[in-house]
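Chains: A, B, C and D, in written order; residue numbering restarts at 1 for each.
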Amino acid sequence: MEKQKEEYKDLGFGTKAAEKNQRLINPDGSFNVEITGQPLSERYHLYHNLIHMSWWRFAMMVVLFYLFGNLFFAAIYMAIGVEHLAGVIAETYLEQFYEAFFFSAQTITTVGYGRISPTGFESSLVASIESLLGLLGFALATGVLYGRFSRPEVKILYSQQAVIAPYREEKAFMVRLANKRRSKLIELEVQVVFTRNENKNGKVIRQFYTLELERSKISLLPTSWTVVHALSENSPLYNVTPSDLFESDAEFLVMLKAFDETFSQTVYSRYSYKPSELVWDAKFSNIFGLTETGKTTMEYDRFHEIEKLTL
Amino acid sequence: MEKQKEEYKDLGFGTKAAEKNQRLINPDGSFNVEITGQPLSERYHLYHNLIHMSWWRFAMMVVLFYLFGNLFFAAIYMAIGVEHLAGVIAETYLEQFYEAFFFSAQTITTVGYGRISPTGFESSLVASIESLLGLLGFALATGVLYGRFSRPEVKILYSQQAVIAPYREEKAFMVRLANKRRSKLIELEVQVVFTRNENKNGKVIRQFYTLELERSKISLLPTSWTVVHALSENSPLYNVTPSDLFESDAEFLVMLKAFDETFSQTVYSRYSYKPSELVWDAKFSNIFGLTETGKTTMEYDRFHEIEKLTL
Amino acid sequence: MEKQKEEYKDLGFGTKAAEKNQRLINPDGSFNVEITGQPLSERYHLYHNLIHMSWWRFAMMVVLFYLFGNLFFAAIYMAIGVEHLAGVIAETYLEQFYEAFFFSAQTITTVGYGRISPTGFESSLVASIESLLGLLGFALATGVLYGRFSRPEVKILYSQQAVIAPYREEKAFMVRLANKRRSKLIELEVQVVFTRNENKNGKVIRQFYTLELERSKISLLPTSWTVVHALSENSPLYNVTPSDLFESDAEFLVMLKAFDETFSQTVYSRYSYKPSELVWDAKFSNIFGLTETGKTTMEYDRFHEIEKLTL
Amino acid sequence: MEKQKEEYKDLGFGTKAAEKNQRLINPDGSFNVEITGQPLSERYHLYHNLIHMSWWRFAMMVVLFYLFGNLFFAAIYMAIGVEHLAGVIAETYLEQFYEAFFFSAQTITTVGYGRISPTGFESSLVASIESLLGLLGFALATGVLYGRFSRPEVKILYSQQAVIAPYREEKAFMVRLANKRRSKLIELEVQVVFTRNENKNGKVIRQFYTLELERSKISLLPTSWTVVHALSENSPLYNVTPSDLFESDAEFLVMLKAFDETFSQTVYSRYSYKPSELVWDAKFSNIFGLTETGKTTMEYDRFHEIEKLTL
């Protein structure tokens, strides 16, 4: 136990005591940490952003690029002179601009109807550059769309609350998890780290403990998995009380690793529980059953249900 | 042994006793489990579906999208007025609709012959939007086609029946497997889990045992691999009879992990045997030979052949 | 040692005695095995083939598809009637066919100049189908081209010959290997399996031994790596003679695993040595030096050089 | 310790003594090694080059390909005769060439306005070949762009200097590292190898030692990680002096392995420190703090700061 304790002594979060009930891991699995003084240019990664932004923002960005790209090239065609675009049907200046704009759209998408077409060196040159940029732009869009689409997006459902339930002769800390998706998860591994403030030689520092689990690996996740840590004598949670956890600003960090068969990739997921998300003397409701033909069933909509126990 | 037993105690299927000869793992490797109460919107994953649907359904979907997309835009062009599509040759209303439909097809594919071309602001605008959507749509299709095409599709051939054959001084449970594809499989690992109903303190629950194998890893799979579990004293199958297996609703779960060289990815495969798929006192036929030049051969078409032994 | 021997007892090749100096592993790393009786339809995998065929054959295939695709559609346009393709300039039947052919090419590539354009329902419909097929076809080609291009193609250079050289107080079997490519290989692992025919209870069977290596893992491969197996008392090669190896139809199988940084993937490579490729009492020439500025150099063109030793 | 020493005895760099303060690993992680005598054709790998060249060079290459491709095809159209391109508006020979050039651009990008269009067999044939090549070329570009874009580009920030600082009862060698990117790194493993010239039986050879670390693995890297090697009695650095390190041409090689969640791939990074980059009796400045709300902060811009200690 001492060895494990040492191994994850600070988990990369440092040993500075936590304050004001802050979590280390946010509900979406990101780290609750602020990095200051890093220039944006260094930290920013275009692909990372394009892959992780919402579909809504991504669509907006494509539309804006298309709009401003065409406005930009329309302006150039106007500057060269709309008379170098054969076939333009326009009386007013605004109509000429429209025609230049739509000619640009027809060029950048390579649709090229040809009702309007460039004549003369300058407008032909600009059009040939625009169509090249259009092709490269859509090549990029193809890549990014595929990247967004094919990214393994493991969605693990963690029970909204963890429980402390009677377990064999003692008590145990329990968390329930399931796969939200239809992808098959296999070779699952879970690690639970418990962290709290402790007084070491008069200085309050944050300590980290890897909790020993009844089982830390399973081969398949067809339904759900209840992760169990027995509060035995070796556990840092032995004889702990609810107020102990609140006072020491404790947190339970759940880290999951699995192989996603659909995407053929290893995926990771994280979640954490603060003392306020812990229910004492309760157990997860049984959500398993059998159909008439003998098939195992799981009631997904009762996943978070907890039953208070009268001891 | 006790430790292994503990480790895979329920394999993620729970310990509820099985009934009516239901399997845990279907022949295609999926889990025979029903999850109820989950909203479709949460569980549905577009990419997962597009990747896993049959080629036939995928082709149908592309065609329907193309057809209805063009019908939709044709309707818009008609609403704007077919007179804003220059070059339309049509006398009847139906012919006008045809022309609008084919103009739409020429726009969405960016073929843009230009015999028909948009004039005026509205139809030009709609056409520029349609060609953008067309490009993005085909970008998506490119990604999905590649995803479908390049997905490592390990196809393991498992012997239709498992056998219990004499082995050294005792008996052994045996399964034969081979690679259906031309891709090279390397670093193979197999795990066999045996499960049956057991009476524990008057309650019938499902127990899981990882079977000890003669060999659980091989470096290469040039031909076939016969997986062997000796029915020694430590085996949960020691002295078991056919009727024992039927009565306890037993099942043998075979789980394979390998690295596929063609796709450079780790792949997984599963299969299971019920007591009715188990042949006693039989062995797999020898399907290996040598060509005249001394090269090893395997008769693939005799892969499932079993020879009854007269003891 | 006994345990290792057991673990790789047949390596997946079976224990049938080899004959007529046949190798188990071909110089290109494939298995020298013939599988008979498998229907082509089951074994054939389109993507696997498209990825592994030579660039020359791949180019031929693209050209033929393009040619026959256009001939096919040209025939259809001719059948519908060339008068439904507006703008055709042709006097003879052959010229009409040319025009139909080129119209098809302009449609399938979505270039669509529009000099020739479809009029009437049938030819418009066929053209809209053709452009859809064209787009999907090129989407597939994009995916396959990327797959071919981005496939990690580890090229390990193995010394043409292995040597038996004096090593410390004894002798050792040695093989030299290097990376042919500029990609960085890291976390390399090598395994050498020795196989020969042996007489077991009067029956000649093939035995496999994993050879113990002086070092089986290295972190990086900046230059070359000499893999060393000492012929100590525990080695199956202890006191072996050249004629022993020839008579027992021996083979040394070298299996390498590494991580390729350029492709971010684990790669595998195999090679084998028959007794005729083994040089006794020789060592690999020293090909390392230092530049004037102190930088390490390796003479790649002397990689296979061996020096005979006079003992 | 002896075992580890053996395992990485030469790390793949050979045991030739280093000279003139040369590094083994360059600051960008590449190997400081020169391989001579390898034909370029064997070593060159097109994809590797296209993926690793700078964006600037890549853009230049695309532009040059586009330019020369169009010049090439323009020349062919001119050779066939510009009269076979219908719609050309040109008086001088130069203007004819321009028109042929822009027609080529419109063909290769498949924009195909159609103002200029091929008539006659030869120019139609060339145009159909050009549009095929254009499509395949842009398919390749799409793949390469995606490959460049989606390549996991782990950027680890290593402290510019390593320090030797007091640590518990003794001293320790320390290096600080952090993630430059917003991608999440998990399951980090670090290995530090120390190398120096040593006199073995009168011959100076290079020795390699894997340094024992206080902790060599962490689960997450939310902020930074200080890697610590205690200079205990077992360390090859026990009682070493600055001049010892300079004289033996020592180097500390830091090798990091991690899983990048954004790209779902294992990534590697390397760095090295020469004696001149080592600060004695100093420690890394504390750059951690808490916001008013209790959130952990890290001052990235003070990452390299070192404080000299007065002992």
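A few remarks follow.
Operating definition for what follows: contacts are C-beta pairs under 8 Å (C-beta built on N, C-alpha and C of every residue); 3 or more make two chains touch, one makes a residue touch a chain.
Being a predicted model, the structure only gives us computed values, none of them experimental.
The pairing of chain A with chain D is characterised as different-residue: of all residue numbers used at this interface, under half are used by both copies. Between the two copies, chain C and chain D, the C-alpha superposition involves a rotation of 90 degrees in steps of 5.
Chain A and chain D have Cα centroids lying 26 Å from one another. If you average the CA atoms of chain B and of chain D, the two centres end up 37 Å from each other.
Residue positions of chain D touching 2 or more other chains, listed in rising order: 106, 110-114, 142, 146.
Looking at the complex, you find that chain B touches chain A at residues 6-9, 11-14, 16, 18-22, 24, 30-38, 42-48, 51-52, 86, 106-107, 110-114, 117-119, 121, 124-125, 127-128, 131-132, 134-136, 139-140, 142-144, 146-147, 151-152, 191, 193, 255, 257, 263, 265-268.
Across the complex, chain A meets chain C through its residues 110, 112-114, 142. Chain D makes touch with chain A in their complex at residues 62, 66, 70, 89, 98-99, 102, 105-106, 109-115, 138, 141-142, 145-146, 149-150, 153, 180-184, 186-188, 215, 217-223, 225, 259, 261-262, 264, 288-291, 293-302.
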